[in-house]
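The two complexes that follow have chain A in common; it is paired with chain B in the first and with chain C in the second.
Entry: the complex of A and B
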C-alpha cells in the first residue's frame, strides 16, 4: 500500500462523489480539519485506508441516489446497468485511491508495452474496449448494446488492420506511394460479386456467373493483383510522387467505370452480367451467416450454431439478488439481475469479427514472412535507395512489381472481407477518402512496422472513426442543447454574443463530418511530434533469421581504434532494444 | 574461356557507332584473356557536352588500376557508362569478353562487376548487417514464394545462416563489426565508406570499381582502407580506382590511366605517367 503523494489530493480520488466542494480557492468551514483527518487515516494505509475510502464511496452513493431523486426503499436499479456501473466505478476509484493514480499505471503500461508485440496489441485493444464500455454505460445501453458497439469497432479495427498491413508492404517496405487503394479494393469486390452472384437476376440487380464463393474470392484477389500489374508496369518507372498521382487517377477511373451506365449490364458469349452501374451490385451471401441460419433470406430459420447459441444468449440473465431478499432479514435489498442477454444479430456480427481476426492474423503472418526475408530486404533497400539496390545486382523492377501485385491482391481480399460482408455494394463505397483513411491509420501506426499497422488500424477505428460518434451520443444524452442550429452562421452568430451552447450543439450534430478535421489535426500533430508514428522507427530486421552473431561471440564488445564515433549510437540501441 | 568466340560474335552484331570495329575487336580479343574489363572508344554526350570522348582502356586481372584526371575529365561518367547507369552514346564495354554495353545496372552487377559510390550511399534506415546481407547474389529468399511457403522457407533460413556468417567475417575484416546492429545512417562518413566497400564485396565481385573511396576519409582510416584493398587484391580481386589524390594513386597503383577532357591522355606505370609532359600540363598548367 503506497502512501499518498504530496501533490495529489487524496480526498479527490477517494471520494469524488462528495468532494465537490473541495476547491482550494475557497474556504469552507470545517473543511481543513476534515481533510487532515482524512489524510491521517489515509497515510496509515492498509485496511484503514480501504475502509475510509469505501465508507466515503458508500456515503457518496447514497447522496448520489438522493440527489438523483431515487427512493431509497425501492431503488429502481435492478436489472439495469446502473448498479453494475456503480460497482465498477467503486472498484476503479478504490484502485486509483489506494495507489497514487497515474504513476504506477503509466509505469505498468510502459513495462507491458516493451514486453512484446502481443502486449502492445492487447493494451490498445484493451483500452478501446474499456472506453467503449464507458460509453455504453454512460448511454445506459444494455449489455446487448455494448456488445453491438464493440463488434462494430472491432469490425473496423480488423478491416483497417488488413488494409493497412497491405499498404505497409507498398509504402513501409518498398516505398511505393500507392494512393489508389480504394480502386484495388473495388476491383476485388466487384470481381468477386460478378463471379459468384447467382445467375438469375434478382429484382434490383444484375445477374452474376454463379460460381462457388471460394472461386469468386480467389478471382477477386487475382483480379486486384492483375490490375495492380497493369497499373505498375508503366507507372513504376515514375518517381514516387508521380506514381502516387497515377494510382489515385487509376483508382478514380476504376470507380467511375463501375459507376457508368455503359457497363451496367452487358452480354458476352451469351452470358449476361454487369457492374450494376450507380445502383450497385448485390453480392453472394456472407457464408458466416450459414453458421447460424439455414439460408440468406430474411425469413431464414436459425440452424447449427444459431439454434444453440441464440436461445442461450437471448435469456442470459443472472439473478444475483432475487426479488424480496434482505440483509440479515432486516434491511431490504434491491433485486439485482445481471442482464447479459444478446440478440442474434449481434452474435452473428461477433462471429464475423472472429473470422476477420483470423484473416488479420493471416495477413500479419504473410507480411511478416515477406518482410523478414531476403525479398523484404530488397524491398527495404529499394525504399532507401533504389540505385544502390540496382548496383548490387537486384532487378528492382521485378521486386517492385511482385510486391505491388501481392499488396494489391491483399487489398482486394481486404475489400472483399470489408465491403463484401454486407450483401450489397456500390461505387460510392470506394471513394478516395477510404484510401486516405487507410493512410492515416498507417501513419498513426508507423510505416514499416507490421505490428504498428495493426495498432494503427485499431486506433483509427476506435479513436477517430467510431469514437467521435459515441462521444456525441453520450454528450447529447446528458446535455439538452435545445434547438440545434442547422447552418454554420446560425451557430456562430450566438457564439459571438457569448452563447456557447448552440455552437457546441452544431459541432456535435456535425461530428461525422468534423471527423475529417479531427483526422487532419491529429495528422498535423503527429507530423510535428512523432512523424514516424507509433512503431515506425524501430528496428525490424529484414532477415529470415535473427541477425545476431552465430555462436554468441558478439561483436558488440570489440572496439576499434579508428577514432570514428557512432553518432548517438548507444542511445538509439537502448531505445529500440526493448521493442524487439 | 571462350572470350575470342564471344567477342567475334559480338563484333558481327555490327555496332553501328563503332568507328573502327576490326581494330577494336582485335584489341578486345588480345586483352580479354588477362584483362577482364575492356573499354573501347567509349563516348557519352549530354546534349551538346561531350563528357567522355573516345576513351579506350582496359583493366588487367588482379591489378589495382588507378583512373585519375582533373575535375570534369569524365571519370565518373565513364564509371556510370561501364556500370550501366548511363547508356554510352557509342563505344563498347566488354567484361570477360561479353559485351555489357547498355546492359541494365543489375545485370552488370550480377556478372561480377560492382561499383561503390563517390558519396557513400548506405541504406540509412537499415542496420549495417541488413546492408551486408542485402548484397549477396543468388539468394533463394528473394523469390516471394520461397519466402512464404513453409517447406521452401527452410532453404531460405539455411542460406541466411551462411550469409550471416560471411557478413560477420567481412565486417570483422573491415573492423566495423562492433557497429553491426547499428542503423547505417548513424555511421560516420568514414565508416560508411568502409561499409560500402564491405557491402560491395559481399556480392563476390571479380572487379570492383571504387569511385573516390578515400574522399572525406581521415588519414588513419585512409591507411586502413588502402590496406584492405591491397589485401583483397592479393586474394584475387581486381580494382579500378578513381581518385583525385595523386599521391595515393602513385603510391598504390601499378597501372595508371589519366583522363583529360573525356579521353585517355596517358596510360602506364606511375613513373611513366608522372614523367609525361601532357599529364603534368593537364594537372598543373592547363585549363582545369
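Entry: the complex of A and C
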C-alpha cells in the first residue's frame, strides 16, 4: 500500500500508509518528511487535524476532478457516480485515518448526549439532516430537491412527534394502553372537514357546514375528546389489555362507519353533509397557503410572502466563477455556479413545517406543564399504583377520564394538522397500522419522556420511514440491476445459481415491505434489550419536587427545541458537508 | 313472602344496575322486531334467518378455532399475542402451498404451485371433495408448519422476555406480527388468490330451499372435532392439568414441580397448531386468501376471546360464535358494511356488564 503514488489523493495514502507504518522504516525522499509533517499535525487533534484533513480532501478533489476531466460546475450538489465514489472513498479513508481527531467529535457527541434532553434532540435532528444531505448529494438532487426531501422528512417528524406526545400522556403519564389512536385522529379530521367544508360542494366531495376553519378545528378537537370520553367510560372497569382491545375496536368502528356508503351523504334538519364514504373527503384549504397565494385554487396568484419569496428563491444562483475566467490569465478555470434555486411549492411546504414545529413546541410545553401540575402528579401516581392514589382520596376514575379525553383531543388536533393538511383524506388513512407506527415511535424514544417522544418521532420518520426509500433511490441510481423480477421465486432462482443482483433488485423493489419487517425486528429488539427506549429510565417522578441532585438536568428541559434544532441542523450540515 | 322477595330482588337490580335492564330491553325489542319481520308477509323469510344463523355459526366457529389458541397462550403466558393473526396466515399459506403441489403436481409448474402462483383454480380443481388427500395433507402441514414457526419465534423472541410484563410482550408481539406479515408479503406477493374450485363443491340441500356449502360443513365438523379434543386434552390429561395450574398461578405451579418451560412449549404447540389449522380451514371455506387475512381477522378473534373471557376455551368458542352470529344477524337491521361494527359493538356492550368476559373466572377449562 505504501507505494509512492502520492499525487492523486493524499488522505487515502495517509490512511494506507498508516496501516503499513509498522513494517519498516524505509526512507522515501520527499514522501517521508511529508508524512511526518502530516502525522504531527494529525496528532495535534482538534481543529488543526480537521483543517489538515479538509485541505487534503479539497486538494485531492480538485486534482481528481482535473484528472477525470470533470466540469466543476456540477459541484457541490449535483453529483454523479464518480463524485459519489470519490466522496465515499475519501470519507471512509478519513474515518480510518482520523481515529485521534474523530475522538473529540465522539467525545463531544457523548458529552452533549449526556448533557440534556434538548441536546439529544438536536443531535438526532442534526444527524437526520446530515444523512438526507448525503442522500441528496448521492442522488444528484439540486438544492431544490434537497429542500423538498428535508421538508418531507421534517413534516413526518413533526406529525409523529405530535401524535407520540399525545400518546405519551396516555401511556407514559396515565398508564392507559390506548391502541385506537387512528380512530381518534379520524374523528378530529372528519369533524373538522364536515364543519368547515364549503356548503356548496364541488364535484369532488360532499358539502360541509361552511363554518370558519378555527371553529372547525376546535370542533374537531372537541369531537375527538368526546369520543375519547365515550370510549373511556366502559373501558375504565377493564384490565389494561382488555382496554387495549376495546380502543382498537372503537377505532375500527369509527373507520368502518366513515367508510360506509350509508353515511356518504345525508341530510339532517335540512342540512346536507356526509363523510364521503370510501372515496374520501375533501379538506378545507390549508391556511398556510394563504400566506403565499391569494386563494386555494390551482390557478391562485402569489400574494403576500409569495410575491416576495418566490421570485427571490426562483433565481437564487450565485456565480462563484463566471464562465471564461482564468487564473492569472493563464490557467483556464471551469465555470462554477452555486445553484440555490427553490421552487414555490417547496417554500410553502417549509412554511407548513415551521407551523408544525410551532405546534410540536406547543404540545411539548402543554404536556410538560401538565406533567408537572398537581393533575399530572396524580396521573403518575395512578400509573405507579392506582390503589395508593385511590386511598389518598383521589378519584382516580375521573383523573383517568380527563387525561384520556385530553390526550384524545390532542390526537384529534394532531390528525387535523397531519391528514387534514393534505387537501384530501379517506378512511384508508386511518387503519390500525397507523396506531402501531405511533407506538413504535413512542417506544423508540422511551415512554414517559416528552423529549423522548419527539426524538422517537424524528427517528421513526427519518430512519425507519423515509430513510429506506431514499436508500433504494440512491442504490438504484448507481447500480444497474437489469430487469427486476416480479415474484419471489423469480428472484430466488437466479440467487441459487449464484446471481445476487436480481435478488437484490427484488428486495429493493419491495423496500416498502422490507421496512415493515425492519420496524418489527427493531420493535422486538428494543423490547428485549432496551424496553425503556432510547432515553433510558425516563419515567418522571410523581413527586412535586425534583428528586435529582440540584443542578442536575432533572425534568423536561427548555422549550426552544425547534428553533435551535434548525440552527444546529444547519451548522452540522455545513460542517460535515464541507468535510466531504 | 315469595312475592316480596322477588320484588326486593327486582328493585335491587333496578336501582343498582339499571343498565342491565336497558340492555335486556334492547335485546327484547330486537327479538320482537325479528318476530314481527318474520310475521310480515314479504319481510324476512325463515330460510333467510336460518341462512344468517348458519353463516354466523360458520364464521363464528372459524373465529373460535383460531381463538382457542390465542386464549391458551393468553392465559398461560399472560400476554395478548398480536402475532396470532399472522400465525393463522402463515399456516394457511404453508398448508395451501402443499395442497396445491399435491393436487397439481405433474400438471403445472412446481414452483408456481409452491408459491401459490397464478394457476387457474378451475383447472387445478382443488376441493375437499375432489382432492381430499391434498386437503388433509395440507391441513396437517398447516398445523405442523405453524407449530414450528411458533416454537422458533418463542425461542427467539418471547423466551428471553419470559419475566417481562404482559404489555412488553404484547408490544414485542406487534413487532413479530409486522415482520411475519411482510415476510409473507415478500415471498408470496400481495394479491388475493383464489384457492379452490367452487364448481366441484356440492351444495348440500336442506329443507325449504336452504342449502349449506360442502366446505362450510367441512369447517364446522373439523372445528368442532378439534375443539372437543382440546377440551379432553385439558380436562383429562396430566398436561392439561398442568396447563390449567399454570394459568391459575404460575409461581405456585413451578413450586409444585410442574416443568413450566415444557408446559409453555406444549401451549405453543397446541395454540400454534390450532392457529395454522384454523387458517387453512378459513381459507378453504372462503376459497381465497391474501397476506393479511389473518391480521384482519385478528381483531374479531380478540373480540371473541375477550367476550368469552380470556383463558376459557369454552369462552373462546362461545365468543366466536356470538361474534359470528352478531355479524350475520345484524344484516336484518343494518347494511352489510356495518356487520363488523355490530360485532365489535356487541363485544363492547358485553364488557360493559361483564368486564371479565362471559366465562370469567373459568380459566382454561
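Simple rule for what comes next: the second predicted complex is superposed on the first by the 435 of 580 C-alpha atoms of A that agree within 3 Å, B and C clash if a C-alpha of one lies under 4 Å from a C-alpha of the other, contacts with A are read in each partner's own complex, and residues count from 1 in each chain.
Heads up, the rule we're going with is that a residue touches a chain if its C-beta (ideal position, glycine included) is under 8 Å from a C-beta of that chain, and two chains touch if they have at least 3 such contacts.
Just so you know, these numbers come straight off a predicted model, no measurement behind them.
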Partner chain(s) touched by A:381 [first = chain B, second = chain C, both, neither]: first
Which superposed partner A:177 touches (first chain B, second chain C, both, neither): second
Touching partner for A:390 - first (chain B), second (chain C), both, neither: first
Partner chain in contact with A:262 - chain B first, chain C second, else both or neither: second
Of all residues in chain A, those that touch chain C in their complex: 177, 234, 237-242, 244-246, 248-250, 252-253, 256-257, 259-262, 432, 436, 439, 443, 487-489, 493, 507, 510, 513-514, 516-517, 519-524, 527-528, 531
Touching residues (chain side chain A, partner chain B) in the complex: 366, 369-370, 373-378, 380-381, 383-385, 387-396, 399, 402-403, 406, 448, 537, 539, 541-545, 547-550, 555-560, 562-569, 572-573
Touching residues on chain B, where the partner in the complex is chain A: 83, 85, 104-107, 109-110, 114-115, 117, 121, 123-127, 129-130, 133-135, 137, 139-144, 146-148, 153, 156-157, 160-161, 164-165, 168, 171-172, 175-183, 186-188, 190-191, 199-200, 203, 218, 220-221, 224
Partner chain A, residues of chain C touching it in the complex: 79-80, 111-112, 114-115, 117, 157, 160-161, 164, 166-172, 174-183, 185-189, 299, 302-303, 306, 335, 337-338, 340-341, 344-345, 347-348, 351-352, 355-356
